[in-house]
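Two complexes come next, and they have one chain in common, subunit A, joined by subunit B in the first and subunit C in the second.
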Partner chain A sequence: MSIPDTILTPPAPPRSLVLWRRFRRNRAAVLGLALFIIVVLMAALADVVTPGDPLRLAGTPLTAPLSVAENPWGTDQLGRDIMSGIFHGARISLAIGVVATIISIAIGIVIGAVAGYFGGRVDGALMRVTEAFQTIPSFVLLLTLVAIFGSSIENIVIAIGVVSWTAPARMVRAEFMSLRKREFVDAARNLGVSDISIIFREILPNALPPVIVFASVVMATAILMESALAFLGLGDPNYASWGNMIGQGRAVLRTAWFCSVIPGMAILLTVLSFSLMGEGLNDALNPRQKK
Partner chain B sequence: MSIHIPPLLTYALRRILQAIPIMLLIMVGSFLLIKMAPGDTVDALVGDMGGADPAFVARLRAEYGLDESVFVQLWRYLMKLAQLDFGWSYVYEQPVLTVLMARLGNTMLLMVASLTVAFVFGITLGAFAARRAYSLTDNVISTLGLVFYAMPSFFLSLLMILVFSVKLGWLPVGGIRTIGAFKTGWADVIDVARHLVMPTAALSLIYLAFYMRLMRTSVLEVMDLDFVRTARAKGAGDFRLMVHHVMRNALLPVVTLLGLQFSTVLGGSVVIETIFSLPGLGQLAYTSVIKRDLNMLMGIVALSSVIVVIVNVLTDLVYAWLDPRIELK
Partner chain C sequence: MTGERKTILDIRDLQISLPAGGDRPHALWDFNLTVGEGEIVCLVGESGSGKSLAASAAMRLLPEPHVHVSKGSISLDGTDLLSLSERQMRDVRGDRIAMIFQEPMTALNPQKTVGWQIDEVLRLHTRLNKAERKARAIEILTDVHIPDPASAYNAYPHQISGGQRQRVMIAMALVLKPRLIIADEPTTALDVTTQKQILKLIKELQQLHGTGILFITHDFGVVAEIADRIAVLSLGELVEQGPADQILNNPQHPYTRKLIAAVPALTPPPEKAMSKEPVVLEAKALRKTFAARGGFLSGKRNPVIAVKDLTFELRRGETLGVVGESGSGKTTVSRIVTRLLEADSGEVSIDGRDIISASKAELRALRKDIQMVFQDPMASLNPRRRVVELIAQGPIIQGVPRETAYARARELLSLVELPAAAANRYPHEFSGGQRQRIGIARALAMEPRVIVADEPVSALDVSVQAQVLRLLADLRDRLHLSLLFVTHDLRVAAQLCDKVIVMSKGEIVEAGPTARVFADPQHPYTRSLLDSIPGRGWEPPVLSVA
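Showing the complex of A and B:
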């Protein structure tokens, strides 16, 4: 009597489950995920835990942390509640990080895909543009864009996206250059599939995983850029931003260190969470790299 | 008889020629970008005067050539750039180039100091971690690298000021020299060095972390290669093996990254120079944004791009020298 094959070989677990198991084994990556969840929760619960405008007067100026129940993390020189600023600032940091990353990855995918797929002169021209963007110091370009178009939160997000697409574009281009010669692309082309369909439906899904891992780096950089802008006083003044809190805390650094150290730790831990998760994801996708 | 030109020199010349279209793209791009800004120089001048009659405004526009079409203005701008004329700064009442040159030295000093610190400590710690891969030392170094990478440079600067200037009083809070001290000779060198310690540390830390991580991976890869095993079999000692055989090859990706990142480091100097009141290009970029000195901003973009191109050509040459397999074509 023969047994059907399906009983002898159990079905392979879905790929996402395999990735999660590998990710879970990496303690640093799990720590990163935990930190990230905390930041997301702070952003989501900002209005519940610390209701009201974070920029309003909420207590005696320069109250030290853990001394008054109303302002558990203390207040700054204008009497603004620091805990409220951190919780509401988490929203701004995450929103700017996510949207700027989507913009930069989207520009990077289009430019990298077109350059890598078509090659030749198209590639040459697009790569010159990419090199030009890589040559200008990105923070100087960011300052110039903000100086010209103004520092509303929308402009800042777009400007950060515009100065950080070159690395993703180069990655996508390299992937496309190696994938476009594969049989499945030839097969699709022989079937009369259009170039656009081949680029987005056939090649892109295969080229995406390393770009998604790299997105964690882009997001970390985007958050650092926004906080640096806000630190210099060039951010959007209508929103609580960690960078801006540090910049303002600088004036009272000698007497009230907590005004800048608390938001500083918030940025540090948030960026660290992205790095740790990115590492874990990278190891999970390329298990052979690590012995 | 043909003239013999060393291949390295022709290679350098070819790389510089390749950079010309990119520089042209940057100049045209930054010019068009500035033209998109609401208001021009004349608007700013008239605004400062508190208004003026339309005939005067029109005469000013004609005087600055702002009444011509954008393309005529662009052509004039490029022609002037070719003669190293970066225009006039209405904030400093001086030619843009004069102001830029007065500050270039300080920025270059900060760049060279920061990249040297990042490179030397980065490759040493990276190689050290790789030699003891997956040990406690390696884990500590690698974790520190991630923390360094996540540390915003301006936050680190404030922490250092708090500890080393405010609490301990060891280092000056800002500037490039002690004002009014007029030191000369070695005393002056030491004075400048003391002012550069914190800015250098703040600017180099994140790149130190980068080079460390890259060097660790790179050394681990090279140590598995055949020629290292051969050298070991021939009786090369541990130190000789690391320095002569492994390091030289493992350095290649780090050198590439160093060239690629130079422009990012230059961008980072904006924040650091502003915090430590270092009179360099970065601080100038910040004040130009605040005072809307767009001519100056364009000058900074142009000059920093030229510096980045030169540094990239130099790193390519170092790469070619490190790796004899590279054909100079």
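Showing the complex of A and C:
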């Protein structure tokens, strides 16, 4: 009956396997992942499926979908192939989503971590700055930034990142405030670990799961923001982004609906895939889940 | 069982199923237990033994359908509880069975006054009018000896002390004069002196009303204090049951014997001649106040003095116990000497080198000599790091090459009696005692001269506690370590510490060799602490554990 407490339990399965098992249980998340893979494949295979510049003249303007073999999804008013635009646009949308998310999460983590870890005056100052950003509607700020710096694709991506860091910052700050009081932080300080290492190597890995989940939301909004800019005619005209396509299709919306609806569907499905995956990640990373 | 006594609660062949995939299919197995009128039955077991589930089953509060009763019967005064409808069961709860929980702060609604919460019980279960209910509530508050019941009636839970909150919980449980009270670790969260008063109160009220009490606990001291009969649970199986006297002094089952053997005896070690050893750690006139932050508009609150003029010295190979109740400042002491907290004034020196005024770089070098073992082995290990990284982290920061540090970490695992396979695992894969061993290995990796241990065993089961304490004592003697051991548990202090300092409200009220302080306490506070040790009159029998 006497059990010495030094006998180990059988080893736990690797973390990645456990996470995948939990993710898989959420069917909607698996659907989201499938959609996401399709978008990634579209971006990767754009030059194979629809070779050539997507902005070139490829057929009679305003061809309806499924009527001509060369332009299966139809053409817009300048005779550009819509299918080619969607496939190449997937690259732009994904790139914008990923880069803008990285920028916003990176700023958010640094500001939130420093504010949450040090607290006091540092926290006060940083949070006032955050609030200043939060009081201005992010899209208005985005318009202002693009109006000032010009609408090249790099500027748009950076501007989207800059206007969307506040929510991740507050989230990271809240996580840090609760984690910094844990004993393992004291234990690390007691070993002589420096503040920077404590923030980034001890606390941050524990604070990441909710941020990763939130990143999927940021990515979806980043794509939507770029589309909205393009819709208003502020996108980068040198790239075939989905937003640009909707913006230009708007002029012929009543006669040729497909010019706006097809890229609109692409945006809808991509954003949906991110939200669904976010849900699944939330389930997978939730520490209260047993299996 | 005890002749004339009428049986109130009768549990027969109870079996509780756990969901598939758990560590065992049944939480309880063939569980038989009776509680008679005016009888206190203690259900004892370590964590995971299923003792709390037994209580939930009697209240029909199991988290069904995952966990459910698959066999057996529970009857209260002859009524089969398992066949009642949910509606009928609601009338039974509170009215005929009441429950007292471990943590009174979370069991009381913080938004409502004490009076409102007692009133609610009466409103739901009686037809008394408002004035009668209030009179009854104040009467019961008087019965549980709350000072100034009328003002306590209007107080919110956070406005009264922990002990008083537990009294309120007891008042709520008793107000309807139930037949049976189930008390789930009701004193575990309380200080010893408060615990003693609460235990006395439970016993007194139970004799007055003839209530049957099912008392769930892991603490044999408490058991010795109040039990009439004892049932011992191990992994869902009832291994032994019988009158208190018989189980405490002549246990039969090996598991019970092991549990009782693990209870630290109250006889401190003989005085060691320590005066020849050099002083390793010295603290002089330490002082720390916590400034209470007032709100923007609210007035300033008075600062709290956590530590006042604290002076002590620790010699090589010696163990100094810092004992006291919560709020006495003992944890603050452990954080100041390791400089996790900045002291307001005073000096702490290790081998003559001052740690309080050390610069960042000097401090990093000094940290090597003074290491800490924390209270909560779950919270003090970073969940995202492997064990070997956790142990090697300190030496790597001190400039030891990674390979050497990892190799040394693996050696340390065997020193703390963990298998080498533990190195590549994450903290969540270990039990509480094993985690605490990892915490000790981490402290030892720095080859410190002093280890500060802040309640290192208070989160552990008693048998594991004994193993960890033995390990600490063994390492101390082998490596000539000095230990500063902070604890609230005087039994633990008696086992391990050569000297103790007793703290109350930030001040040392008494200091000296443990044997002398325990045998002949001078200060009234020390005396009341020693008197409050549960089961003081019971000396655990010396048992050979097979």
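Keep this in mind: the second predicted complex is superposed on the first by the 276 of 291 C-alpha atoms of A that agree within 3 Å, B and C clash if a C-alpha of one lies under 4 Å from a C-alpha of the other, contacts with A are read in each partner's own complex, and residues count from 1 in each chain.
Just so we're on the same page, contacts are C-beta pairs under 8 Å (C-beta built on N, C-alpha and C of every residue); 3 or more make two chains touch, one makes a residue touch a chain.
None of the values given here were measured: they were computed from a predicted structure.
In the superposition on chain A, A:182 contacts subunit C only, with no contact to subunit B. By the touch criterion defined above, A:205 reaches subunit C but does not reach subunit B.
In the superposition on chain A, A:272 makes contact with subunit B only, not with subunit C. Contact with subunit B, but none with subunit C, is seen for A:261 once the two complexes are overlaid on the shared chain. Residue contacts after overlaying the shared chain place A:246 against subunit B, while subunit C stays out of touching range. Within the superposed three-chain model, A:190 lies in touch with subunit C and out of touch with subunit B [touch as defined at top]. Judged by the number of subunit A residues each one touches, B leads among subunit B and subunit C.
With both structures placed on the common chain, the touch criterion links A:169 to neither subunit B nor subunit C. In the superposition on chain A, A:232 makes contact with subunit B only, while subunit C stays out of contact range. Subunit A residues 291 lie at the interface with subunit B in one structure and with subunit C in the other.
For subunit B in complex with subunit A, the touching residues are 21-23, 25-26, 29-30, 33-34, 36-37, 134, 143, 146-147, 149-155, 158-159, 161-162, 166, 260, 263-264, 266-268, 270-271, 274, 285-286, 288-289, 292, 294, 297, 300-301, 304-305, 308-309, 312.
The part of subunit A that touches subunit C in the complex is made up of residues 1-2, 4-6, 8-9, 11-12, 15, 182-184, 186-193, 202, 205-206, 291.
Note for the complex: subunit C touches subunit A at residues 21, 234, 239, 253-255, 258, 335, 338, 340, 363-364, 367-368, 371-372, 374-376, 379-384, 393-394, 397-398, 417-419, 421-422, 425-426, 428-431, 433-434, 437, 439, 442, 446, 463-464, 467, 545-546. Of all residues in subunit A, only 28, 128-129, 131-132, 134-149, 220, 224, 227-228, 231-232, 234, 243, 246-247, 249-250, 253-254, 257, 260-261, 264, 267-269, 271-272, 275-276, 279, 291 touch subunit B in the complex they form.
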